[in-house]
Structures are given as C-alpha cells and as structure tokens.
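Each of the two complexes below includes subunit A, the first together with subunit B, the second together with subunit C.
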Partner chain A sequence: MFLHNYISKLQLDAPTPWGLFFQDSASPQMEGIEELHNNIMFYLAIILFTVTWMMISMIRNFLANKSPIAHKYMNHGTLIELIWTISPAFILILIAFPSFKLLYLMDEVMDPSLVVYAEGHQWYWSYQYPDFTNEDDEFIEFDSYIVPESDLEEGQFRMLEVDNRVIIPELTHTRIVISAADVIHSYACPSLGIKADAYPGRLNQASVYINRPGTFFGQCSEICGILHSSMPIAIQSVSIKDFLLWLREQMEG
Partner chain B sequence: MGAIPEADPDEVLETKPFKFVTGYDARFPQQNQTKHCWQNYVDYYKCTTAKGEDFRPCKQFYHAFRSLCPKAWTDRWDGQREAGNFPVHLDK
Partner chain C sequence: MFLRTVSRAVPRSTAAIRAAPTASVNALQTRAASDHAIPNPTLANIEKRWEVMPPQEQAELWMQLRDRMKVDWHQMTLQEKKAAYYIAFGAHGPRAQPPKGEGMRVFAKVLQLTAASVAVFYAIHAFAGKQPATMSKEWQEASNEYALKEKINPIHGISKEGYEGKGFVQSPPAEKS
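Coming up: the complex of A and B.
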C-alpha cells in the first residue's frame, strides 16, 4: 500500500466500466477488506488448481478403455476420505479467523469526533450534522439529490454525482448514523468499506475514518423502488480547516 | 452548496477546545444504536425531572441524544411528553 501510494498519486475513487477489482481504499476498513480478499484468493487459487488437477488426472487415468473395472475396486479409501474431509475444515478455519477479526474490528466505533446522520428517502438521501448548532439551536440539514444526466458538467459522473455532497473531514473518526424515512435503503461506499442497511425506525451506525482527501461514490444498495438506481451517495473528504470553513458557511447561510 | 469556500488568508485562526460528546458506550456496542438514542433521551428527562433543568450533569444525556437521535424522533417524543402520553414515567 505504501509503495503503491509512492508510485501513483492517481487514485480510483469511482466505478469504471468493466471494472472488476476494488476501487482504491480510503479507510482502514477497506484496507482490511482488501487484505482479507487477497488472503482468501491465495487459498482459493491453491484449491482451484488442486481440485482441477485431481479431476483431470482421475478422468485421464480411469477412462473406460484404460481401466475397465475401476468401479469395482476404486470405491472406498478411509485415508483419502479423512484427508479430504479434515483439510478443507482446516482451510475454512484459516479463513474464518482473519475474517471474524476484521468483522469485529470494523464494527468497533472509536470515540467519534462528529456524527453525520444519513436518512434514506424515496429517492434521495438527506443528511444532518447534529453536533454543530448555531445560536438558534439549528444544525446543518440538507437533501442530496442525483444530478440528472441533462445537467451534468464536464467530468462529472453519470448516475453518481449529487447536488449536495456529504463533507467529512479527513483523519477524523466519524460516526455515520443511518436510518430511513419510508422503506429499507442501504448506505454504501466501496472506497470507505462501509455498507449498512437503512431501516425506518432503527438507527444503524458505521464508523468512518477517511485517510486521504477525495470524493468517494456509492449507491443505495437495497432495492427500494423504481428510482433505486437514482439515489447515489457522494462523500467528499476535506482537510479539517476546509471542513470548518464549510461548516461556518453552512451555519451562517 | 457543496463547494468548499475559499479561506481568507488574513483571517486570524483561533483554537478552541472541542469536547467529544457521544463516545463509546459499553451498553450499546452493537451496530444498532436505536436504544442508545432512546435511553439517553429518557435519561435526560428523568434527570431534569429529578434534579431540575439547571443540574449540569444532566447535559451529558442531552448531548448524547442530541447527536444520535434524528430530529423528527425527538420532536415527536417532545410532543408526546407535552400531551402526557409518553410511554415512560419520567418521574419514577
């Protein structure tokens, strides 16, 4: 990861056509997920090649014309059965331990510095920043609608850009509280490694720690009606100073 | 909205203390924080009923539910308290 940052300053923060791999991570969670994925892919490759090799050699060695009575003698073997039962169980344990470790680490919400409340609606997300209030006890509250294709400007992403992005300071522990107003939605952002269902009447939390500036995109991930595809999520991470400037402008405006 | 405003280079920056209010609560370690919000709302009004509005330690509950609960929820509970049909006895 360190070397990767050293080589390329260009990061992939949005989906690409035919993109088969992850977007670049921007949070420790996503780094953990990538690491786990790579680990599991290692076992997967070994298993795939071993099993394929076994299948092919079985087919080649026990063709009907080569050994016509194989079915009479090759029908039981305690040792080989023990091996092919115990070794997959062992491999599953090897996969399960890092998987659970990561799962519980991601669940952990560190003492967060701010809370962002995200609420799913048919079909947009609305956000609140309840920690920062002005003299009248009001806080920042806005709706985040998709930018329709006809209004897109050069360089904006179709079906991903929104009119009001969520602004989150980088290098800050943030708690995102997720809920919904009508039906079940799901709040997701691949680069940050978060995905949590948004239920009406329930508050789900996700912990976010963005480790670099950038704009990260996600989409509603629970089918929620006809415009399910048209309620994208755009999270912009900025320096703490810029965040405070934005905050002040919002509070005064 | 959304655009980050330009910083004024002449502006004098001052550093102010900032208190993190809704930290980790060992009673609510789950992803589901609904009860975390609710419990703090109930505790705040129980606290002020028992000790009065000005009792400083009650503020901790206020900050916690204020930052966790959606405004619509607390507005509704406020209405229920005023109408006298809030589902919890706050004086007990």
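Coming up: the complex of A and C.
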C-alpha cells in the first residue's frame, strides 16, 4: 500500500514536476510497454540482489587480513563459469520472448477506421485527414505550431501547447501515417506508447487505439535543428459524437 | 598449483628482467634443481630489501629460489620458504600497501572537486535570466484547474478520484513587481 501510494506520486498523462515514472497510459500499446517494463524490472531486481550478495560475501570473506592468500586460488572454475554464462543467457531469453511478442503486436495495424497523416516540418507538425473530403474534394488539413510563452493563457503548459490539436475519437482504431518534409523528425506521444521516426520521402505508421478521453502531449524525438524543442504534439481524444461535430466544423470552416 | 602461480608471478614482480640480455636469462632458466640451501644472510630481511634490489640481483635470487623449489620443499629452509612466498605474493609491486592516509587524501580531493563544481553551478545560476512566467505558484494552480478540465492524468495523477497531491504546483508565489 505504501509502495503504491509512493509510486502514484511519481506517475503522470502530461509530464508533471519531478515525475519519474511513465505517464498514465491511454492505449493498449502503452499498457503492454508498462507490463513489459514491470516484467523486466522483476528480473532486474533478482540480478541486482544476487550480484550485490555475491559482491558483499566476496568482500567479507576474502579480506586481505582474513584470507591473505586468496589470490593464490583465483585461477578458474569450470562450474562457476558455466553458471555465469548460461544463467544470463537464460534470463535474456526470458526477457526476449515477451519483448518480441509486444514488438510484433505493436507493429500490427488492426483494420483502422480512421487515418491521420502527420508530417514533420522545421519546426511544426502538419496534419491531414484524408478519409474525409468536402464537396470540392478537399480534405481536412492544418498546421500545428507551438503556442509561444507570451501567448499562453494562464495554466497552459509551456513548450507543450499547440494552436491546432490533433483530434482523434476514443475507442477507434486509428492509423497514424508519419512522414517528414525536410529532415528526420520523430512523432512521439508517451501516453499512447507511440514513437515513430518521420523520414522525408518515406511513410511510417503507428496504430493507435485511445481508450479514454483526454489530452496527451508529446514532443519531436529526433533532433531536427535549432527549434527541435519547439514542435510539440498535442493529441486530444474525444467521444465519437464530438469528433463528428469537430469534423463538420472543419469541413464547413 | 603453487609452482605454476609462482612462475607466472616472476615476470610481474621483476618487470625489469625483460631488459636483461636474453642469453643470460635463457641460461638462468635452464638451470637444474639445486640441493644447496641459499645462505641465510642473502635472504634475511628480504621484505625490506626486495624493492630496492637491482633488477639483475632480483632475477638472480629468484632463479636460485626457483631451483630450490624444484627439490622436495621439506628440504627448503624456513628463510627460503618465507622469501619465496614474499617474492611471489608479498606486498610489493601491484600488491603494495597504499601509503598511510591515502584514503583520506582521496576523500578530501573528491570533496574539494565536488565543492568546486557546486560553486561553478551556482556561479552560472547567478547569471541566468529570470524564470518563465509559468514557474509560479499562481500559474501552476491554474495548470491544475486546466488539467482537471482536460482530464489529464486520470489514473495516478490530478484527475484521479480522491487525489491529494500538489499536482503541477512546485514553485513559490510570483514576486510582486
């Protein structure tokens, strides 16, 4: 209980001050990542305690004044060498299996109902919703620039707020297609468990299924020039009804 | 096992032996077992003399001891055993004891350098521009309201039911200007 309370203080959706742990997850991918992390931490704890115990007992039992000729016997031992070669290999296998399983699950894009195209520019993101066109065959398209500090309304997050957010309906399989116009960028949003490099001339994709309404922030994660820090990502998840209203507003606007 | 370890220890403890003419070293290495004990005065106080001995002399002595170790060890004198052990495993070369107070000196130096880096940090800090407007208690309290409105952090953070933490508040109130 104490540990849970303690961890709760560290966890976060948007970054919070002194946050040390993952942001609150909002997609199955992120839940998977968190679970893999917890699994690996379990092995890590075992390794940490075993190695610490070995080090402490070595230091205690082979002190120079207690065992002055210990180095005389420090030659080699087949059994211990087998143990310390095979057991790490075994642990790596135990880590590799859930890791690959998650990797390939995340790679899979499940029959998406919506496609959002995100393109990185120096230094902003632009978005297109190619699924929806108006009477003139134009689809929704907008740029998403950072809101400078001087224009922030009180309470808004510095260096994270954008003028046009990406709006995605909750509980909908969405494919985000990612590319770049000039240099390499990277589209990342920790709460959704996505991070995909954006290459000029290439299309990358990430699958998103947001399981709750909310606002999720991310940042460009590939150093892309002097204002790399000034091209944040803000994704807002809304109910399908609100999404359709937004869609109509965009089409008519 | 002892002999094998000793023979490996030789070049390490008498590194300068490599500088000696190869022929003489080869000659030394092919010597046979010796039945004659090394006279005690040669070995007396070896712990104090070993490190100041010229390398050639060290090599000579070690070779003599090695020849002695080729015979039954019970025939070796106590002095010889002690000398052989000291040369192979004694506190010299890489096993030398650190000088007295070395730990404290290292500790003091580390402390000094840490203090210097802290001083550099605060010196740079003193010249830094003022913090952005968002780093004030008022703004961060507004951030809490904003986060609640946006349903941010509903699992472990501010939008959680019964949340009692400080949320985004981390700075002192803004100074009135």
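Please note the rule applied: the second predicted complex is superposed on the first by the 240 of 253 C-alpha atoms of A that agree within 3 Å, B and C clash if a C-alpha of one lies under 4 Å from a C-alpha of the other, contacts with A are read in each partner's own complex, and residues count from 1 in each chain.
Rule of thumb we're sticking to: contacts are C-beta pairs under 8 Å (C-beta built on N, C-alpha and C of every residue); 3 or more make two chains touch, one makes a residue touch a chain.
Note that the structure is a prediction, hence the values are computed from the model and not measured.
K.L.:
More residues of subunit A in touch with subunit C or with subunit B?
P.N.:
Residues of subunit A touched, subunit B against subunit C: more for B.
K.L.:
Mind working out whether A:Gln156 is in touch with subunit B, subunit C, both or neither, as first, second, both or neither?
P.N.:
Second partner only, subunit C.
K.L.:
Give one of first, second, both or neither to describe whether A:Pro213 is in contact with subunit B, with subunit C, with both, or with none.
P.N.:
In the superposition, A:Pro213 contacts subunit C only.
K.L.:
After the superposition on A, what does A:Ser25 contact: first (subunit B), second (subunit C), both or neither?
P.N.:
second
K.L.:
Counting only touches as set out at the top, which of subunit B and subunit C does A:Pro130 meet: first, second, both, neither?
P.N.:
A:Pro130: touches subunit B, not subunit C.
K.L.:
If you stack the two complexes on chain A, which partner ends up touching A:Glu170: first (subunit B), second (subunit C), both, or neither?
P.N.:
In the superposition, A:Glu170 contacts neither subunit B nor subunit C.
K.L.:
I'd like to check the shared interface: which positions of subunit A are touched by both subunit B and subunit C across the two complexes?
P.N.:
236
K.L.:
Which positions of subunit A touch subunit C when the two form their complex?
P.N.:
7-9, 11-14, 16-18, 23-25, 69, 71-73, 75, 149, 152, 154-158, 212-215, 236
K.L.:
Quick one: in the complex, what on subunit B touches subunit A?
P.N.:
Counting only subunit B, the residues touching subunit A are 1-2, 4-7, 13, 18, 20-24, 29-34, 36-37, 66-72.
K.L.:
In the complex formed with subunit B, which residues of subunit A make contact?
P.N.:
Residues in contact with subunit B: 107, 109-113, 115, 117, 119, 128, 130-131, 141-142, 163-165, 167, 175, 177, 179, 181, 196, 201-206, 236, 238, 241-242, 245-246, 248-250, 253.
K.L.:
Contact residues on subunit C for subunit A in the complex?
P.N.:
Per the touch definition, subunit C meets subunit A at residues 1-2, 5, 89, 132-134, 138-139, 141-147, 150-160, 165, 167-170.
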